[in-house]
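Okay, so chain A shows up in both of these, paired with chain B first and chain C after.
And then the complex of A and B:
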């Protein structure tokens, strides 16, 4: 999840509780295995586009449409060849097309929920503290890895060790050692410091923690959930051939 | 968290932070590898094997540093949740189930036996394999059904033989490769820990 602050205002009509989004993710995962036809995939993507428009993620909508469109056209084009390597490519493209709704889910989960909201939501569904704290630290350190990798790459350059695909293929174990050892060394130190900082801020306090946002279910959450469930039932019937 | 009589037996905040940071590294590695190997299913079958080879020093370090119940389970659950949020729900189930098995194996000697840790790591990577490869087979089946149903009368023998190969020896090979690289990874991981971390006094 990106570091920049995601501006959320719970009083907005398009603010959906993270817990509802978690349920939506689960339903979407089941639907992925229900959908069999190309029309079903397109319907699924269309629904994700509606959801993303509702959440106000217009850039993601554009990317999702491009991704699906290109893959769909490619599938149509490749379905004329049924033998040779074209068929193998066809299978690949088809699998990627099947996962197009997942891209929409990915955008929804990463671009519209901040890390702290997610952790808060998971704490509300009674996940043990050990998991939520670990998850919070994991999310916080995602961007830091990139910075550390840049530093490691620079120091490798100083020692005249190029870090690219060719050098990785030439000596994979050695490159793995060169990259992983400094990274792990650094993060062991960081873990100790961060733990001390967190203890000072009272993370070991038992009991329920508060939140900056007012987290509760609102009217729009129930409506959203109802629409998602209705849509899932509709798609199931559509795929089973009940409708049309 | 609450300090009972056995303080050093329970996971402290330091362990959580350590596991969290290293889960971040593992997750980043997994994502980068998925993008690179996702070019074709043939290469993608080897993705868990490559992943098992690379991330073994990280798991070994976590196991050696934490040495308490949860050193395998908590990172695997966190990774399962993260992958699940990104849409790979099969990984949640397999990572949690195999994480519990790995945890029980490693914890049976209180994380003191190197062989147990290695076996636990291999088991966990098998769970990762099951979760990340299973959807491919499901979707290939559907593709064949659709292709044979849609374009009637065309010659499907080539594609069928290809898929059969992928199902029989390529699939079996990828499982065996995954086990071998995971085991090889633990050997390398042990070496790296000996060479760098024991010398620096971090373990």
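And then the complex of A and C:
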């Protein structure tokens, strides 16, 4: 996973206010239920690709195209089978394909918004700080969990505790204990240190939090939002068969 | 003018019986540089928490006496008011970051204070330029070395413009070079007139800066020295107090180690040849090779090299944890497969927290060692040797840092593996624990184990190793016996700035 969160500069034309991105996420969520046809799904992905290109996330564009392409071909291939396990797999693959646009949204939300921006945006929509800070820190720790798991696996191997599918099936509780005990111990420690670090950096100050950038809606935000809404209306009509 | 006034303070953490601090009286003048030292658990971290207000605002407990910072009593101020006066940097740089980018990290504190965006940006660029870390601007936190992370931590407190800095073991995870750079940063802060309080085990890099050194024991301030007085302390005085050396210039090898009886030892022969590892086209390790044969002097072997040079990767390759590699490894003239190697070798990793899985020290030593003959007898023996007998049924997580470290070493000692690897076994340990790790490794070595230690702890290496393998640019750069003639060479290798970083 690319863990780099670029500090975005609002003076750039492709800087979109996080609040607008939140609205986009909401609309995209609704569209998931509107879309029924394969063409609709592909259109949806195509729109996300345009958005990601606009935001300059080219690596993510590539991954999104690969993901969708592979799943689309698989669906096409599996659609020749009408019964048996292949059909069942076909349905599963199709469900994954339908959710491909979500991957695009995920990239948009995690790769183009820094934790600080997200906290500020959520605060502007009046979420309490206890929620916003928790969310920001959780997002910050997602990648760390992966790293910690890797170290734990290594140290299990050294202690002759094999960690593979077979050992997990044979003694699931014990394996869970071996992974969770060190992981939880780390979390307790990290959580305490992190909270202390937040306190000494003034997190408890009430009132409006400052921001590195001045947070306001700009021209591009309105244009972006307008395009998203127009696209949503178009897709709705497309699915309803008005425009074909 | 006194910026910090602590009078008659006693403190006990909630849920513990032992008092954290006893009868503390301390006055610090504006612009003073005070170093707190002492064994692990002596109360120096607790004392720093009094100053930055974490006690009583974050860690609760029984507090008596008076603590005033800048003329205001700490318990009457809000934490964010203190945050503007006292900047804190903690030991582990991994757990004090909130964002994943260096700029937004430095901005974080200022944003909390509710400053205007113009002011925040001004302070960010100011922090990066004053601390001379412009090269770290707009980088991902994950791509930084420990030393760089610690600089960013310092910059993010600097941006909040406190007048007092409190640092809790800031060098614990740093190599010699990064430690030196940290010392330079602190020097420039001192020159700007800030008051600085540092709690540390490593003392040498601060000797030119400190006005006062306070030695603490069992929660009390016992001794107070100037740096001249501290440097004049005899080795015996330093060892008695469990401290690390105040200066790296006069470090000597322990002589008794050189007179070990060699006859009883029978460590295996070990040959590594042409070990190469490639990460996405870039050679991390390029044909690394070394051998330990019966003809060589029998000793513990230190593996050194700058951060990121691939020391840990090398060890992972050798003991079969890391499979994508080329080259051969022979033990006693036999080439071993990956699986066989993990039986013959044992690796004690850096962070003890990840290596303790069970609910008692005894179970911990049994875990994965069921093939060992006379397991119970062996466990008794090892516990006795490492001074852990009293903790046999204690939960590993209830132990102190030094004790946890000893438990991980103990499980290596119980294991039947002949070749043992250790990754930075002394990072963050005080002088006494460091010396005890050194003694234990020597003891294991005398019982016929072949031991390799990755370390950048000069004092520890000199105490422990008889041979140094230095890695640079992905291959073995130097391989020499460590004796009184080569100590200075080792020192210059460790302090050398690697251009890759």
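To be clear about the criterion, the second predicted complex is superposed on the first by the 233 of 244 C-alpha atoms of A that agree within 3 Å, B and C clash if a C-alpha of one lies under 4 Å from a C-alpha of the other, contacts with A are read in each partner's own complex, and residues count from 1 in each chain.
The rule is short, and it goes like this: a contact is a pair of C-beta atoms (placed from the backbone, for glycine too) under 8 Å apart; a residue touches a chain by one contact, two chains touch by 3 or more.
In this text, all values refer to a predicted model and were calculated from it rather than measured experimentally.
> Please work out whether A:161 is in contact with chain B alone, chain C alone, both, or neither, and reply first, second, both or neither.
second
> Contacts for A:176 in the overlay, against chain B (first) and chain C (second): which applies, first, second, both or neither?
A:176 sits against chain B, while chain C stays out of touch.
> Does chain B (first) or chain C (second) touch A:194, or do both, or does neither?
both
> Of the partners chain B and chain C, which touch A:15 in the superposed model: first, second, both, neither?
Once the two structures are laid over each other on A, A:15 reaches no partner at all.
> Check whether A:54 is in contact with chain B, with chain C, with both or with neither, and answer first, second, both or neither.
A:54 contacts neither chain B nor chain C.
> Taking the superposition on A as described, I'd like to know which of chain B and chain C A:204 touches: first, second, both or neither.
In the superposition, A:204 touches chain B and chain C alike.
> For A:106, is the partner it touches chain B (first), chain C (second), both, or none of the two (neither)?
first
> Considering only the touch criterion stated at the top, classify A:115 as touching first (chain B), second (chain C), both, or neither.
second
> Name the contact category of A:151: first (chain B only), second (chain C only), both, or neither.
A:151: touches chain C, not chain B.
> Which parts of chain A are touched by chain B and by chain C alike?
136-137, 140, 144, 177, 181, 185, 190, 194-195, 198-199, 203-204
> For chain C, which residues are in contact with chain A within the complex?
Those in contact with chain A are residues 52-54, 57-58, 78-80, 82-84, 86-88, 90, 92, 94-101, 103-104, 107-117, 119-121, 124, 138, 140, 142-143, 156-157, 160, 316, 319, 321, 342, 346-347, 349, 351, 353-358, 367-369, 397, 411.
> How about chain A: which of its residues touch chain B in the complex?
22, 25-26, 28-30, 32-33, 36-38, 79, 82-84, 87-92, 94-95, 98-99, 101-103, 105-106, 109, 118, 122, 129-131, 133-142, 144-145, 173, 176-177, 180-181, 183-185, 187-188, 190-192, 194-195, 198-199, 203-204, 206
> Where on chain B does chain A make contact in their complex?
On the chain B side, the touching residues are 1-2, 11-14, 16-25, 27-28, 39-42, 53-54, 57-58, 61, 65, 70, 74-75, 77-78, 81-82, 84-89, 136, 138-140, 142-143, 145-147, 150-151, 154-156, 158-159, 162-163, 188, 192, 196-197, 200, 202.
> State the interface residues of chain A toward chain C in the complex, per the touch definition above.
Result: residues 3-7, 114-117, 120, 136-137, 140, 143-144, 148, 151-152, 154-161, 177-178, 181-182, 185-186, 189-190, 193-205, 207-214 of chain A touch chain C.
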